[in-house]
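I have a structure here, written as structure tokens, and I will follow up with some questions on it.
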Amino acid sequence: MEPHKINVFTQNPTRPLDVTTKSIGQLVDGMLYTGFQGRKLAESVQAWDNMLKEEKLTVMMGLTGAMVPAGMRKVIVHLIKNRMIDCLVSTGANLFHDCHEALGKKHYVGSHLANDEELFRHGVDRIYDVFAFEEEFRHTDHLIANFAKTLHGRRMSSREFIALLGKKICEEGNGDESIVGSAYKYGVPIFVPALGDSSIGIGLTIARREGFDVDVDQIKDVDEITRIVEASGKTGVVYVGGGVPKNFIQQTEVVASIMGADIAGHDYAIQYTTDVPHWGGLSGCTFDEAVSWGKIAAEAKKVQVFVDATIALPIVVHALHEKKLNDKRKFPLFIWKENGCLDIDFNTF
Amino acid sequence: MEPHKINVFTQNPTRPLDVTTKSIGQLVDGMLYTGFQGRKLAESVQAWDNMLKEEKLTVMMGLTGAMVPAGMRKVIVHLIKNRMIDCLVSTGANLFHDCHEALGKKHYVGSHLANDEELFRHGVDRIYDVFAFEEEFRHTDHLIANFAKTLHGRRMSSREFIALLGKKICEEGNGDESIVGSAYKYGVPIFVPALGDSSIGIGLTIARREGFDVDVDQIKDVDEITRIVEASGKTGVVYVGGGVPKNFIQQTEVVASIMGADIAGHDYAIQYTTDVPHWGGLSGCTFDEAVSWGKIAAEAKKVQVFVDATIALPIVVHALHEKKLNDKRKFPLFIWKENGCLDIDFNTF
Amino acid sequence: MEPHKINVFTQNPTRPLDVTTKSIGQLVDGMLYTGFQGRKLAESVQAWDNMLKEEKLTVMMGLTGAMVPAGMRKVIVHLIKNRMIDCLVSTGANLFHDCHEALGKKHYVGSHLANDEELFRHGVDRIYDVFAFEEEFRHTDHLIANFAKTLHGRRMSSREFIALLGKKICEEGNGDESIVGSAYKYGVPIFVPALGDSSIGIGLTIARREGFDVDVDQIKDVDEITRIVEASGKTGVVYVGGGVPKNFIQQTEVVASIMGADIAGHDYAIQYTTDVPHWGGLSGCTFDEAVSWGKIAAEAKKVQVFVDATIALPIVVHALHEKKLNDKRKFPLFIWKENGCLDIDFNTF
Amino acid sequence: MEPHKINVFTQNPTRPLDVTTKSIGQLVDGMLYTGFQGRKLAESVQAWDNMLKEEKLTVMMGLTGAMVPAGMRKVIVHLIKNRMIDCLVSTGANLFHDCHEALGKKHYVGSHLANDEELFRHGVDRIYDVFAFEEEFRHTDHLIANFAKTLHGRRMSSREFIALLGKKICEEGNGDESIVGSAYKYGVPIFVPALGDSSIGIGLTIARREGFDVDVDQIKDVDEITRIVEASGKTGVVYVGGGVPKNFIQQTEVVASIMGADIAGHDYAIQYTTDVPHWGGLSGCTFDEAVSWGKIAAEAKKVQVFVDATIALPIVVHALHEKKLNDKRKFPLFIWKENGCLDIDFNTF
């Protein structure tokens, strides 16, 4: 055979991964030269690492799936405390489960093969292979209802409500290991665009039926998160799953553009997902599709990794931890004004 | 070989499906004796058919995925007009796209292989293999903003807001082919638990930033849908996809139970989904898992079909149409009281 | 808003599917103007229909998954008898199960939630939600072993072996409803590239251990199927699942090209699959990827439908049946020569 | 709230994973107390670790997917050299790609978004996001053809053929980094049940058409691998993907049982898969389903992890490497007799 002319497609050989004693970060670096989702996982670490080196960039995370019952609570707390994320959009459920653990309750190692009728008879709720007590959940429901009652007559965004909840959790003394507590303490805003659709919403409904009214204003949520995008130089997004949190962050670019901002789509985009593009849903759609909408910049670094987040998050966040041990990052400090406006200062961490 | 003693597991042989000229209903009936998801699809038709024969049963549908862009709009309208569903919980997006088409705009047959940068330059948004004009979407955004301005100062549930929107669409003369229009006309309540997270929410945000305030009260949504469950004898659920609509309907049983109702879980449960149980999320979890929570009755008929809804809905609804041509069903008529309470009358259709 | 200039991307609006009394073929035709996998399913019918109108085209089907236990046996037989396929590449399992039913044994409607230890104690094997008797399977194993013993000392391709088995099944009087029987009768060659990996292989191993030797020559399989491609004007492929059958048919284009044929890839390509491209495997890879290899022609009609075959096959084959009731097709008649060569005559059906 | 009586389901709380500097093995150990697939991945390491501590246990691995192009070659070599597996059942493709790299050729880091028509014009084959030169592949095809010619007239199992190929690769000097080379050197038998269905099969077909005949006897494969099971005390299985290799190893228990062995199913079972149970196929079916068939012992440790192998293998094998640094394992030494029989000696490593 003739010696083969290397063409543009074949500049960069794969490097078979060899098995040696190495750190998590070294392992991930080695996976950059493999293929398929292993490489994508490594590329996501690289993209996140680069994102954190940017000037005036705000990192927004969308969080879905029962990540707290699945033991990912402190991983998210680590991201908040070390400002590897600056803003969190979550399902209500994850924050409910976070409060539940902050209040000293537990989730339990269970089995996905358990008999559900028997579990029901024992008052045990199943989340795939994690168990919890229904009675303890209801206890937390009522604590949230009681907390809500103290806010009777107020109208606020979910960000404001969750910040108050985080303050309360901190006052109870368990804040530092909690998502809502550490977010409150470290100034990371949390939005819950579908708060009613969760046990926090159940707590609020209990209060409502007893005549107490907290009005969580979902349109204020849209307004406020759009202000974050409008006031940030650049934005990077990290989606754990898809669902409402992904769409809610994606649509900020459209809202800001309609409002007249010169916005060209998020600048970095990472998603850990088990959904796929071909069902046509927003959860699984590619970031390329998002380019057509102007939600993601055409030139953005885009990494979609098809993997369960309970595998991805431990690896990725430990690798980032290793890479960022001595880094100082300029992160955004959000200053919310009385009139609803937002200023951002970028501080050195 | 000895003649084999038939045991309890082997009473019912599969019947190889033969290919003849037959109707859609006959095809589906034949699939009851096959295996895998083909059988499950047939079982879902059987379950839905049985559900509609029950006395004092309310059918609640959860709707996710871009079903309207994918051409499923009239299929949902058919379910509403023929009261094969009594209550709809939807993403905002599907209702936005429904209004968009009601206003004479189109979605277009596209390709999932299109170049998204080129689409962006042409102002074309891609939803997998469906296209639409961004400029036309923004036109509809502003029409919704203008409609919202007419409601300045009001606070209401998403059900009330969508009903007013449906009334408006009907007045414009295009209601009958529209989901929100026909739901208004036929008395089917529609809830949108994450209304902010959609282009309808964008319209509301435009109005908000211009100083007009419509307050869509998400906790009222939880309260109202719980009242439907509390006032119904039985409930059946049909989920197209999962997401917030599935969880929102599932949690009604928990809320009603906490509120003191003697509630034992939904009595029929059907889901068409492309998600799977093993990621641990609510979207893909089995109805068996839901039994542990008391969301689904242990003895309920439970059918989870793993299939794209754009395949399932056309087949299932045509089969139901064929089976129900001459049926009269007693469906619930919802009478919402001033004080927020709900009465249900079961009428013959 | 300004009237919008229609561009190249938006010539063809989607048409919401309305629900009326219609035939299966009409339903599928209507789905051509919807989106996502519903449209893809309709496109696959259109492509297959067009394929059958071509002159001098050979249709090759790859068949995986437990399609016979799942009740798809007569659907495949229909395709064979009506020459909607001309050549079948299958797992051994499907043909084993086909023989099993031809010999009067049954598969049973079961449940995917059964207790497997209890099934084991009752001698019942589970295939997801289909049951069968292990003892009956072993009876069929031994019948195949006995048949193999009659071929002691012979060496043949799997095509030749399966044809002899089909002849035997026909002689037993049950051939017409059987895949191997009808394929024998109607001259449709069947290849099983991994025959050892199935209960037919178990039967052959039983015979082997008792001193009888049938040598199923897998390299002769590669040679023979390549000759089909070499002697056909055009080829169309239909994959039910992926696995070895898909790769085995795909690689024929590469083999023929290496052997010097002027081959440019299959001309039509349809796949019904539940696998996805992003795991990097051949089963789920796109037909576009196959273009890079020269396995599929760049200009070929390519339709990949993400759906369980037990849903797709009933609908697609009934729709084809409806469309083809009065069609005459010129199908290939294979004349295998003593020297291993192949002539093809294209006959009118 | 009353202190809650701990019941049998809730003995073992989940432990939120905290992010600290830790080794890969420590990370995996921590994931044992989380949930979902993250926990399953950790359980698979624990199960594999335990398997290697058993006396007289043979570990059989099934390998599918384009693992070598994806950079997993040395990971498999590590498993062979350190006898973390004792027998390998593979697709032909992985061994072809292994030979390709052993012969100094490369795979390349590519993109899954490349234009496939353009790749075709440049002679570049795409495997999802990995590229290779078609011309170089054909070069390797011919080298295998030439090697096959040297075996003209011989009939052998795929195990024997691959061992001879491994010997040849070792003689060329590149054996130690190669799967077939190290397997030859370390006495790990490799079976390829569908050898024809791969580029190695293409090489054999080239030789065949030129008049050289190597007869790879697939029934001998079934016989030989069954002998491994018959001669082993216990067996553990590890499936990377599913496909033919999984079924081929699973069916050994059935064959051995039919042959009269007192066999009760494999004793450990691990699968890394992206397939799911509900399509009814063998690739994705649960190990519980396999219990009904007697392929897996009811009391076996069974772990099915839903994850791309290019993510799982690097983590799992590095964790095992860390745990096994100082372990001595008694591994099976296979002594193949002239008459086709097999003796196994269990040696200390």
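Note that the chains are named A, B, C and D in the order they appear, and that numbering of residues resets to 1 at the start of each chain.
Everything below uses one rule, namely that a contact is a pair of C-beta atoms (placed from the backbone, for glycine too) under 8 Å apart; a residue touches a chain by one contact, two chains touch by 3 or more.
Bear in mind the structure is a predicted one, so any value in this text is a computation, not a measurement.
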item: Neighbouring chains common to chain A and chain C, by label; value: B, D
item: Chain of greatest Cα-centre distance to chain B; value: D
item: Approximate Å spacing (C-alpha centroids) for the pair chain B, chain D; value: 44
item: Distance from chain D to chain A - Cα centre to Cα centre, in angstrom; value: 36
item: Gap in Å, rounded to a whole number, between the CA centres of chain D and chain C; value: 27
item: Multi-partner residues of chain D (at least 2 other chains); value: 35-37, 66, 69-70, 114, 119, 124, 127-130, 276, 278-280, 288, 306, 308, 310
item: Touching residues (chain side chain B, partner chain A) in the complex; value: 64-66, 69-70, 93, 112, 114, 116-117, 119-120, 124-130, 134, 138, 141, 155, 193-199, 201-202, 204-206, 208-209, 214-223, 226, 241, 243-244, 247-248, 251, 254-255, 258-259, 274-283, 285, 288-294, 298, 308, 310
item: Partner chain A, residues of chain D touching it in the complex; value: 1, 4, 7-24, 27, 30-31, 33-39, 41, 66, 68-75, 78, 101, 106-110, 113-114, 119, 122, 124, 127-131, 133, 135-136, 139, 177, 288, 306-308, 310-311, 313-315, 317-318, 321-322, 325
item: Residues of chain A defined as touching chain C within the complex; value: 35-37, 276, 278-280, 306
